[in-house]
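Once you scroll down, you'll see the structures, which are given as structure tokens.
The same chain A turns up in both complexes below, where it pairs with chain B and then with chain C.
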Partner chain A sequence: MSLQICLRCLSRPSAPSQIRLVPTTTNKQTAAFTTSTPHAAAGRIQVSQMKPKRTGNKPTATRPVRVKRLSPKNVPQRTGRPPAPGERKALRKRVVLSNTNALEVQGMPDLNPWQLFDKSMHGSVAGLPDDVVDPLRVVEAFKPTQGWSLFRRPATLVRSETVEMASWVQEVHNSQEGKTVRKVLFGERGSGKSVLLLQAMAMAFSKGWVVVNFPEAKDLTIGHTSYVPLYRNNQLYIQPHYTASLLAALPKANPILADLRPSREHNLPISVPPNISLARLCDLGKDPEIAWPIFQAVWSELTAPSQPDEGEGLVRPPVLMALDGLHHIMCESEYLDRDGKHLHAHNLALVQHFLSHLSGASPLANGGMIIAATSGSNKAASPALDFALRRNEALASSPGADIPAWDPYRKIDTRSLKAMDGVEVWRIEGLSKEEARGIMEYYAKSGMMRQTVSDTLVGERWTLSGGGIVGELERGSVRMRI
Partner chain B sequence: MPPRLNIFAAPRAPVYRPRQSIAVRENGRICVIRQPLCRTFADKSGSLPVAEEGGLDGVSSEGAEVGRMGGEVKGPNMQTSEHVSEEAAKMAKMTGGEGPDLDVGTPVQDILKEDKEALENAPQVLKDSLKSGASPPKPSSTPSTQSRSYSTTRSLRALHSDSMATDDVADSPVFNSVNAETGEGQDLMSSEATIPGSSGHIFPLPELPLPRNTHLHYRYDPVVDQVTNLLMKDGKLSVAQRNMSIILTHLRTAPAPMYSGNKPLLPGAPPASHLPLNPILYLTLAIDSVAPLLRIRSQRGAAGGGAALQIPIPLSLRQRRRQAVQWILDAAEKRKSRGSGRGLFAQKVAEEIVSVVEGRSGIWERR
Partner chain C sequence: MDSPLLRRCARAVTTTHKHIRRRAAPQQCRFYADQSDFRAAAPIRFDQPRAELLDNDERSRGRKNEKPEIDLYSLRIVPASPSYFTATPQYTDDLLHLSTLVRRHKLLPHLPQGEAPRIAWKTIDQYKTEKAEPVKMKGYNALLKLLKELNYIHPSLMPEEVKAALETFKRDVQPYLNVPKPITVDAYGVSIAVGRRKSSSAKVYLVEGTGEALINGRPLTDYFGRLHDRESAVWALKCTQRLDKYNVWALAKGGGTTGQAEAITLACAKALLAHEPDLKPALRRAGCVTRNPKRVERKKPGKLKARKMPAWVKR
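Then we have the complex of A and B:
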């Protein structure tokens, strides 16, 4: 065979082995100028098949539709151990009560209910003793949005409302027939309602009372916890997990329960020994299945008449029940009934329990205090409660005062109105200038406000805080302005 | 045809206010200077401009045509008689008696004596008092209880009377208000006593220069202000201020930093235990310690052989701080947080500032 010349590169291969033999087809002759591969030119492969093959986009049995994956840019990749469930919530809701950098205020007295009646305490800041701080922490009386983390130790201002509250605590403690004080605190945002509740709880703890606290009424109605209708009762629903957590906190906050024992038999789903302490009974209630019957048993024991002569463990102290965020339980909850309609908050057993005591329908045999506070920053829409507060305030001010009337052509939540019948309401207003001076001196002595406390400064801050609203005063002096 | 316009007639006299010349004693000599065109005070004692007789248009209120030059027709409101009190004051001056006190309002009884029509329509009480012959309060040397002590015209009159009494034109504050050289005016309500008899100021004078942080736009510390603006995104300054307060609160609640000797902090830095209670100083120390002093600008092709020439350029204080804060914010973004909720970025920035002061931060290498 003669030497072939490659038409592309015009080279003459010397050895016959280097000759590339172009396979010829029998069907078609490929032209000499063709640039396509012979296989393609032969028509054996389709044009569509010449495109680069894309794998993974064909519909398969498991993925019927082609999915386009978008990869976002500049997203930080999570490395390391992810946070455990509940860790982030705990970090968000943690309460820090101490700042080691703050200066210690020398000579600060402790909040002692007996000493509050002394006029010299009024207007000064009193510290909370440690044996009161621990139970307050357990019942979640401290809120993360409050400014506890800026000072050396938790301390509150003794204002005129504190002195008044202390007088009621004293009255209840000294009364023989079981006097009950029922109040609703309302006022502007930041006026100090929640801290007044905390002060009442602190006084109750120091006097040895039993304290039950609902720190956020929103948690009762927001629909985040389980709910179950009561057996053969369409109207009332119980909340097992919430009740279980309440029962778990009760003996931790009230060590006195360990010394009390039941005075009568209770019909409980589990068998309990007769001499069980109330603290141990509460511990048994940590199981959500039996939480509600055990809560009812414990409560009936606490409100049973005190029998100091019968034996040990039958003395019953007064009870303080506190609730923050009253608006949430005076409207419809987020729970649904079997028809898909929203449950009214009063259909929840725990809410009914609190409101029956607030309205006075269920009396406390050994006396006590039932206080509720509204929240300015976390308010549910409850026109009925707003109207009831105005009406009750007008009724209490003077007999012939102008009592507001509801527009009869507008709907109103009658259940909430009825629940607020006869309840004393208390408007919390701003501090006086002397009280403002007292708390500003505390800020300055702690080193958190680096200014001299003069009359000019006190007047300026008092005015700028809307007439002495404590929350605004703290914000203006210590938090937003250093 | 002769033109209708008589161009050879004398033009009408332009309306102008003749400039006053005043005699001022300067350096022992009396020189006459002319007042500036715009006077700086309302001076009643000076001569007021004379209105052109016959009005500008040449038409009087009666409607009769008058000539341009001359003519005795007065315009409206020019023929009214003088006020009772002023007339009485003039009469008293001429006759030598004591006139009414012009600072006080004219007693009603005097007006009603002149004006019979008003007397008819006056209230019965006033008529009775007139009949009974109650006399208005006489002017006395001591200021009456009804006199207004804050009246400005009263003080002006007092000044004029003083100046007239001393007969010293040059020393009068009224005339001295015109500066001989510059022609500028001066406030009459100056720090000099405006109320005769008082010797000081009603309110204490401020201490000049006024502190910078009393001005609304400069009320925050400069470092805090700059960091807040650099934290701001999408123009949301209030969010940036909230984050700034979170940063400062973290700086004063976190444990005091521990200085490491290897990284140079700003000279004159206080002991580490002082920093948490003064979070602004803490922040300033961190920023100013890690801030670069120069930046390098490259000039293309200037070094020869196509290489870029490195030129160091000094940075101003604000530029230095800005660069340092940018580095801090970039490093904070890269930090990992395990929490949730608001203020996470501010928390990271605060932790970065603490690590800068402690010398652990990666910014020191970047510097």
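Then we have the complex of A and C:
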């Protein structure tokens, strides 16, 4: 097995924990928290298979004859069991949240949304409690490309943006009339937009909100899931399988749904008992055929006004809806309509659902947050969204600012522009030097960075990461072992 | 037998013997010979016959007219310089002249070792072409040694004759006069420097600050995706641990990513030297000071690339 080299930065993983083994078998009964590879956990490795094979050409029950690869006529035969369908995808999307080789940071506080306003928390790293980590894992808030697998337990830096987000969460939680915060996060690649979404979701979970997450907007428009035109509607298309998976994850991530009952009757293709819990209703939506009507029913229930006095099960918490990779839904999708032309992403019902809430057309009766984040590394070409972000930022900065205008002789996606009208945008920039120091001290305490954290080192890493871009800071400090 | 001609010849012989002047014995070291003894001979008068052929009374008539009696019979054409008798007369003259100057001005104050102005002297081939003499390398090196010694005289006290002598040996185009403009820190605290690598060039504006860096208006991470390139762009600051002390504004063009990064390295180092000249040895050890002269080699005829040959065929 050869060592991998990152083609971009020419680094080699020097820590044994970074070397990935590619197993050839799968075991679906592995626990969510396990850090051992499915291959090892399956327990199907024979001792004889672990030894290097010297004599090769005898056929056995488990493997066919090995053919020499030297002669060009004989194609090399594949040996071993082929991977099961979905195994490679599971491996690719696998998120490891713990590294037992890293040191445990003593005295690390937990991310407590009620305590985030305390100045002492700002600039330090807070751990995510277990009751928040499990729902976050279910909604796929953790990404495999992030560095969770390098430390003992999942933890995030409390930066000024986190404090601001916590203040909004608090505002929404305390408001009576159902305040909705709608934001679009944008910034450089690695600046921490996805992790800010994760922090918002963590705060929402700990406050008992209902969280709906679209981890990759690309999955909505790339054309890999089924799509069906709505009955008697040429414009809107629903995505049954995606909706079904969304409904399957909803009650697992939000146990509060088990306590909620519907407040009104819904016209559903199947008959449901009147006192069914919303969690059970979501479970019924696992069938792609009826997923969309059930999703609509569940959503209308969640956005129905909260009636705490009527009876139990009619209290409605605020809702947080998050989406990552906004560019993908601001351009044409890969789906084709009946004429063979590409569907615009806004013709997809789920996308329309999200965007109507983002623009404020569909208000949330019980308040909540609608946040979308752009992705720097996974970007679709959407000049309309890029322009809209610049325009909205200029509009918000000062009234007399120079507002960019689009060249009228060039075509632009007017639907995307309209969808972004009046949406607040938030540029995520690099960390300050104090915040950079805080996270570098966490790396040092975890044992993943060996240098002493001095002002010179902090300044150096801050500059080399392009002004404190967190992703680059982590890559330079922890992943590149010089 | 006693013809007048024979008599005259005999007389001439005796008179020439009488008129021979014994020269003093030559000195030991020819480099320090004194040239005051040598004078050019009197011009030859062609209107009068040779002195030896004149009668005595004619000779006396010449004396009465107070004209010097020139004995044309015994007349010797003396060369202007004794170097005439060497294989390289002009070279010998030059050598002796310079030796004289050195000896004469030995006591003038000299510049310290290594601080003399750098002069491009004529090459031996240029000198030989000029003088049309077969001067040997060893001989020319001796000449150069004298020139260098004379060059060390303090310029404020250098005599005109020495200056004139040195000028004749200097090359027409002095490459050492082509000095780069010194990089200074201007009134705003900014120093500007240019660096080049392969086909890229970069201009860096360096000012004291907090450690921000912008390349072509874009942040460092946005412009250079590779950490290696980012580090090498600000290597001059990184190796001297001054990344948090200066702000960098760089304009790079041409070439590729790494070429631009290396060009910024050189420019940043030069700009930093304007702020802190004492860092030169440290930057030299870090490899930021020398301009890497490597360029892409051109393709040659008969080859597929610069060096790659087409497949060898036996026949």
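Note that in this section the second predicted complex is superposed on the first by the 404 of 482 C-alpha atoms of A that agree within 3 Å, B and C clash if a C-alpha of one lies under 4 Å from a C-alpha of the other, contacts with A are read in each partner's own complex, and residues count from 1 in each chain.
Methods note: contacts are C-beta pairs under 8 Å (C-beta built on N, C-alpha and C of every residue); 3 or more make two chains touch, one makes a residue touch a chain.
Model, not experiment: these values are computed from the prediction.
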Item to check | Contacts of A:Thr225 with chain B and chain C, given as first, second, both or neither | outcome: neither
Checklist entry - So, A:Glu87: does it touch chain B (first), chain C (second), both, or neither? => result first
Next on the checklist: On the A-aligned overlay, A:Ser277 touches which partner chain: chain B = first, chain C = second, or both, or neither?
Outcome noted: neither
Checklist entry - Can A:Ser245 be said to touch chain B (first), chain C (second), both, or neither? => result neither
Checklist entry - Of the two partner chains, chain B (first) and chain C (second), which one does A:Gly190 touch, if any: first, second, both, or neither? => result second
Checklist entry - Now for A:Thr463: first (chain B), second (chain C), both, or neither, which partner does it touch? => result second
Next on the checklist: On the A-aligned overlay, A:Asn101 touches which partner chain: chain B = first, chain C = second, or both, or neither?
Outcome noted: first
Next on the checklist: Contacts for A:Ser359 in the overlay, against chain B (first) and chain C (second): which applies, first, second, both or neither?
Outcome noted: neither
Checklist entry - First (chain B), second (chain C), both or neither: which does A:Met480 touch? => result both
Checklist entry - Intersection of chain A residues contacting chain B with those contacting chain C? => result 480
Next on the checklist: Using the touch definition from the top, list the residues of chain A that touch chain B in their complex.
Outcome noted: 76, 79-80, 83, 87-89, 91-92, 96, 99-103, 149-150, 447-448, 450, 479-480, 482
Item to check | chain C - residues contacting chain A, complex | outcome: 211-213, 219-222, 225-228, 230-231, 234, 237-238, 241, 243-244
Checklist outcome for this item: The residues of chain B that touch chain A in their complex are 241-242, 245, 248-249, 252-256, 276-280, 334, 336, 338-341
Checklist outcome for this item: Residue set of chain A touching chain C in the complex reads 8-11, 188-190, 455-456, 458-460, 462-467, 469, 472, 475-476, 480
